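Some structures to go through are shown next.
Each of the two complexes below includes subunit A, the first together with subunit B, the second together with subunit C.
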Partner chain A sequence: MTKTLNRRAVLAGATAVAGTIAAPAIVGAQQAPIRIGLLHPVTGALAREGSQCREGALLAIEHINAAGGIKSLGGARIEAVLADAQSRPEAGAAEVDKLHEAGVVAIQGPFASGIALATTQAAARHNLAHLVDVGVVDTIVTRGLSNTFRFGPGFGAITRAALDNLVRLNDGAGKPVQTVMVIHEDSAFGSGMARLMNEELPKRGFQVVETIGHPSPQRDFTNIALRVRQARPDLLIPSNYLNEFILMARTLQQQRISVKGIYAVLGGAASNIRFVREHNEAAQHIMDCNHWYDPRKPQSQAFAAGLAAKSIDLTYETMLNYANMQVLADALERAASRDRARVIEALASSTFNDHIMPYGPTKFENGQNTGAQAVNTQIIGQRIEVIFPAAFASATPVFPVPSRG
Partner chain B sequence: MELLLPAVLNGLTTGAIYAVVALGLTLIYGVLHIVNFAHGSLLMLALYAVYFLHAATGIDPYAALPILAVGFFALGYVIQRLVVQPVSHGKDQNILMATLGIAIVIDNGALALWSSNTRTIDLPYAFDVVEVLGAFIPLPKAIGFFAALGIAGVLWIAIQRTDLGRAIRAVAKERQGARLVGIRVEHIYAMCFGLGTACVAAAACLLLPTFYVTPQVGYAFVLVAFTTVVLGGMGSFPGALVGGLLLGVVEAVAGLYLGESLGQIGIFVIFILVLLFRPTGLFGAKAA
Partner chain C sequence: MSRALGWLMLAAALAIPQVSGSSAWLTFWITTLLFAYLGQAWNVLAGYGGQFSFGHAAFFGTGAYIAAILQVRYGVNPWIAGLGGVAGGGIVGAAIGWVSFRYGLRGSYFALVTLAFAEVFRVLANAVAITGGGQGLLIPLKPGVEHFQFVDRASFYYLLVALVVSGVLIARWLEASRFGAWLVAVRENEDAARALGIRVFRVKLAAIALSAAMAGTAGVVYAQLFLYLDAGVAYGGHVSVEALLGPIVGGLGTALGPVVGAILLHGLGEAAKGVVGATPGLNLVLYGVVLVIMLRFLPNGVVGWLKRWGQR
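So, the complex of A and B:
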């Protein structure tokens, strides 16, 4: 039996081959976008921080989509479904239900620990993967919720790094600091920090002379500044959000309070370039142990350039949200599915290393990324410099700080 | 003890602002015999006016004081003539509901227009301080204190020495009698509401250099202002001034010794004590 190859057969074959090759592109163009819930407090007391978070995540989505979307899902684009937690846990939880109805595949947010405790639980009811972007309270990942993941470091890891680096800093300068005063906002985040400092600092040879709590928002820091003057601590350790941190730093300056250092742990403003720019004098030499990116990575440069192009401030909120979205996109890529359970599985087995943070490959244990770590920064001049760990340091610490006189 | 003096001075500067807010409230109460629930919302509105005026034209909050005082006087006059008076039909409880309604409209309008974001203004002299007996008082707070005293003085003279003041006092004491001698009672009502609202505008100008504005900000002050008015004696000017200063000091000192989270308790302890032992308020007997 012979088979003749005529012009018609060749044309038919060629069309079929071309069709097969082109098919993924056509399917890709038709793929419905993958909806991700971005849940942040963009109104209320935490509006500023929440908006920064949102911007970071949106920038990541823009970069991921520009790079071809999720390839294993036919190049499907990621589409953000924006939600507002209104700076209140119950509002955040209600938004989770709305996001579920909007058909999101996963949720990223919601900045504050108090809100995260509520939203992760609400998301668990819908079996929705929830990446906690910033909220550092350790109970977020210790309640056995299999849908909850935290890429950044938790409270325990951050404070451990903060305390170790404080000892290193103090020893390096000839132990100028012996007494410490803790100033904290009185919700879950600040109070937890204050308790931990009171337990851990004495073990490391520091004496905590006073611990002062204040509500958020706090109208006036004069009283607190006066108590600092009376207690005369060598070092101040503040833990509060942006507005209060700025108000506090300004009042300390107004009241001419001079200490050997202000060493914030997860300080609201100490790693915020807006604070450095707008209140430079009050901000000088304030140190912070906080989330920060690794500026040397090539992805980091694309990230920083993207922010600069949109005139968005470079803050840890933007960094963490950008990185979290990178982690989520990688998980979607590997899951190759919009199925919620598959996405959760993919996140749980993540070994993603192509992110902007100084962490190494991702490894979630009970939802917590074990490689996550905080770094120490100090405001020097107009810049936020990294001073610890030495591997990432861009400046040597100014410590003890020059007296304000 | 070395902390007590700075805390008291700081309390006095805060209290002076409370006093200006309370002056407006007590003026409206003294004549109209109503509690103006919209007072806090009008304060919030005035704070936004200061903020936007500064943002748009760069005008200093203190320089904006006369402009806003006149503007808010007109606003208050119009609210009384066009809303409160027609709704009230001469019944006090209706006036109460009318002011509550105005408050709800203003609050939610602000939320819809400007969102709940915190806004502040940054002034070049925000960090300047005045040294008083070893205590550092931020310059804007010192200015606020003396301006508040000045405003209270001007109001006092206006009420005591001018024809308008005499008419206001006449209407406050005896409505029908005042009408019989030819005083236009409705006009006086509206003048009082206008003056009360102008006080709120003045307080806003003094407050914003050291504070912030959100749609909810009025409540933080109006609760203290109500307390001040009752503490000082309803309708009493000296009572509002002394009451405001006293509450500022009590709040600062209580915050210092009880902690910031508990500091507000001091205000209400004093309030309850005064009501128990002097139910008409500190200066209430004279005003009644």
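So, the complex of A and C:
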């Protein structure tokens, strides 16, 4: 039996072919957006950090949507559902319930460790994947919550890197540092860091001469500066948030207090370009061990350009949130589903490498990305340079730093 | 009038979980009721006794910390640990009261002393190891009634409804009992009360111990609800402000005032978020403006205004 082509058959065929070609675009256009909860403390004591987090995640969503959305879900766009944790754990936990009812498939946030402990637990009740963007306290991922993932490094990994690199730095310069003073804010983050420093520094040959805690916010560092002058440590190790860090650095500069180095661990401003821009003299040669991106990656350049176009400061909060959203988008792509359990499974099996951080492919063990690592930066001139690890270094360290005499 | 309002509120409260399956809605009510009960604790001392405390966080935080420390550090059953928290809150209240009233501190001096104690406790909780220092205390997640962690959120809700009802009953008892009459007499004129033979020191001490034990109870429930405590959460200034704002808005020295005030304030907070959307902080501005207007035009609180209106 043969079939002859007539005008009707040709028209039907052409329509079918056109339909097939156009189908993905039409389906994409019709796909309901995938809702992701962005939960950050955009009001209260952590408002600045929370807002930076939000901006980083929103930029990533913009880039992912511009690149065609989630292709395995017909090009569905990601839609951010914004929530404010108000810098308080109970407010964050309450927002999780609202995000659950808004139909989000995952939550990203909430910057602070104390809030993360509450929000991850609240999200677990709804079997909702929760990517912890910054919170570094190790207990966040050691409670057996299968919904909780942390792409960035925790306390343990960061302090290990910080201490190892400090020893390397000191040895390389002929061991100028023997005494250390720790200045920390007194919440979960700073206190945990101070305790760890007090335990670990003596094992590495450093003497901790004094440890000073202060609340956040703290609006006067004169007394702390005077205590630094009195104790005359070789090295200062501060762990505090942005405003306190800036105030501390400015006070030390005004009081002309000279040390051989300021070596922050997760310093609030030491890796913040606004600090470098606005308080350049006070910021000079401050070192930090912190979250930082790999600026050589092409994705990183798109990220930095995107921030610059929006006049948003390049900070680690923006970096981590951008990268977390990339990880989440990859998980959605592989899950090819909006089902929450499937998204959690996809995150747990993630081996994503096209992110902006210097980590290598993701590998979550009990929710912690085992490849995550912190890097060392130093403010030199108008730039924040990477000084460790050598593979990502853009400058050699200036250490010991020139005296302020 | 207020009795009818009370029954109406109780009926509505019991119906809420049945009417709506929304977990966000339930969380809103759980938080609101928790702070309504804390407000009632403050109302017992300030509303009925005239002793204005700016530091109820000291009692709230102590209750929460004792409950958490007993179970995390010493493996005590959470229910028993909770009782320890309630007792601890009361004892701290009595101790602060003893020091303050013994030396005749009244009015703004008493308020400042309570504020100072709350702040000292916050600093101490940050510094000592048993509270976990700045890292705080994490109560292990073990869902189950025996661990004072309900799988069903509605159970927490009903527990809080029961607590709030108990708080209203305490306030009612104060209005009807001899002790309540002594307390009101102390509030109205301490010297006149003393002249009438009322043992002012004892009455004030009993009132602060009762109020602090209630605030400690709120702290225990908070700890079991969120399973995480740090010094800022437990002893933060916002806790003391939450404790006093509800009764002031709702009606100071009235049994239902703290409940009405907490519902209005939390409802207003949520509504403000809905009105201004995602703009950070604008909801707080709107919240503040409405609060100022309410305080300007309803100086006796909403329940006070309703009573006056009912008498017309």
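By our rule, the second predicted complex is superposed on the first by the 399 of 405 C-alpha atoms of A that agree within 3 Å, B and C clash if a C-alpha of one lies under 4 Å from a C-alpha of the other, contacts with A are read in each partner's own complex, and residues count from 1 in each chain.
The rule is simple: contacts are C-beta pairs under 8 Å (C-beta built on N, C-alpha and C of every residue); 3 or more make two chains touch, one makes a residue touch a chain.
None of the values given here were measured: they were computed from a predicted structure.
Q: Identify the partner contact of A:R256: answer first if only subunit B is touched, second if only subunit C is, both if each is, neither if none is.
A: first
Q: Looking at subunit A, which partner touches more of its residues: subunit C or subunit B?
A: Answer, by number of touched residues of subunit A: C.
Q: For A:I212, decide between first (touching subunit B), second (touching subunit C), both and neither.
A: A:I212 contacts subunit B only, not subunit C.
Q: Of the partners subunit B and subunit C, which touch A:E281 in the superposed model: first, second, both, neither?
A: In the superposition, A:E281 touches subunit B alone.
Q: After superposition on the shared chain, which partner residues are touched by A:R143: those of subunit B (first), subunit C (second), both, or neither?
A: second
Q: Which of the two partners, first being subunit B and second being subunit C, lies in contact with A:R227: first, second, both, or neither?
A: first
Q: Go through the superposed model and pick first if A:A47 touches only subunit B, second if only subunit C, both, or neither.
A: Touch status of A:A47: both partners.
Q: Would you check which partner chain A:N243 touches, where first means subunit B only, second means subunit C only, and both and neither mean what they say?
A: A:N243: touches subunit B, not subunit C.
Q: Which partner does A:R88 reach: the first (subunit B), the second (subunit C), both, or neither?
A: After superposing on A, A:R88 lies in contact with subunit C but is clear of subunit B.
Q: Where does A:N353 make contact in the superposed view: on subunit B (first), on subunit C (second), on both, or on neither?
A: Neither: A:N353 stays clear of subunit B and subunit C.
Q: Can you list the residues of subunit A that touch subunit B in one structure and subunit C in the other?
A: 43, 47, 186, 213, 215
Q: For subunit A, which residues count as touching subunit B in their complex?
A: Counting only subunit A, the residues touching subunit B are 43-45, 47-48, 86, 186, 212-215, 217-220, 222-224, 226-227, 229-230, 243, 250, 253-256, 278, 281-282.
Q: Of all residues in subunit B, which touch subunit A in the complex?
A: Those residues of subunit B that touch subunit A are 2-3, 6-7, 10, 14, 115-118, 122, 126-127, 129, 136, 138, 211-212, 220, 252, 255-256, 259-261, 263.
Q: Which residues of subunit A touch subunit C in their complex?
A: 42-43, 47, 51, 82, 84, 88-90, 93-94, 97-98, 100-101, 114, 117-118, 121, 124-126, 137, 139, 143-145, 184-192, 195, 213, 215
Q: Would you mind writing out the residues of subunit C in touch with subunit A in their complex?
A: Listed in rising order, the residues are 22-24, 26-28, 31, 126-127, 133-136, 138, 140-141, 153, 222, 225-228, 230-233, 238, 273, 278, 280-281, 284.
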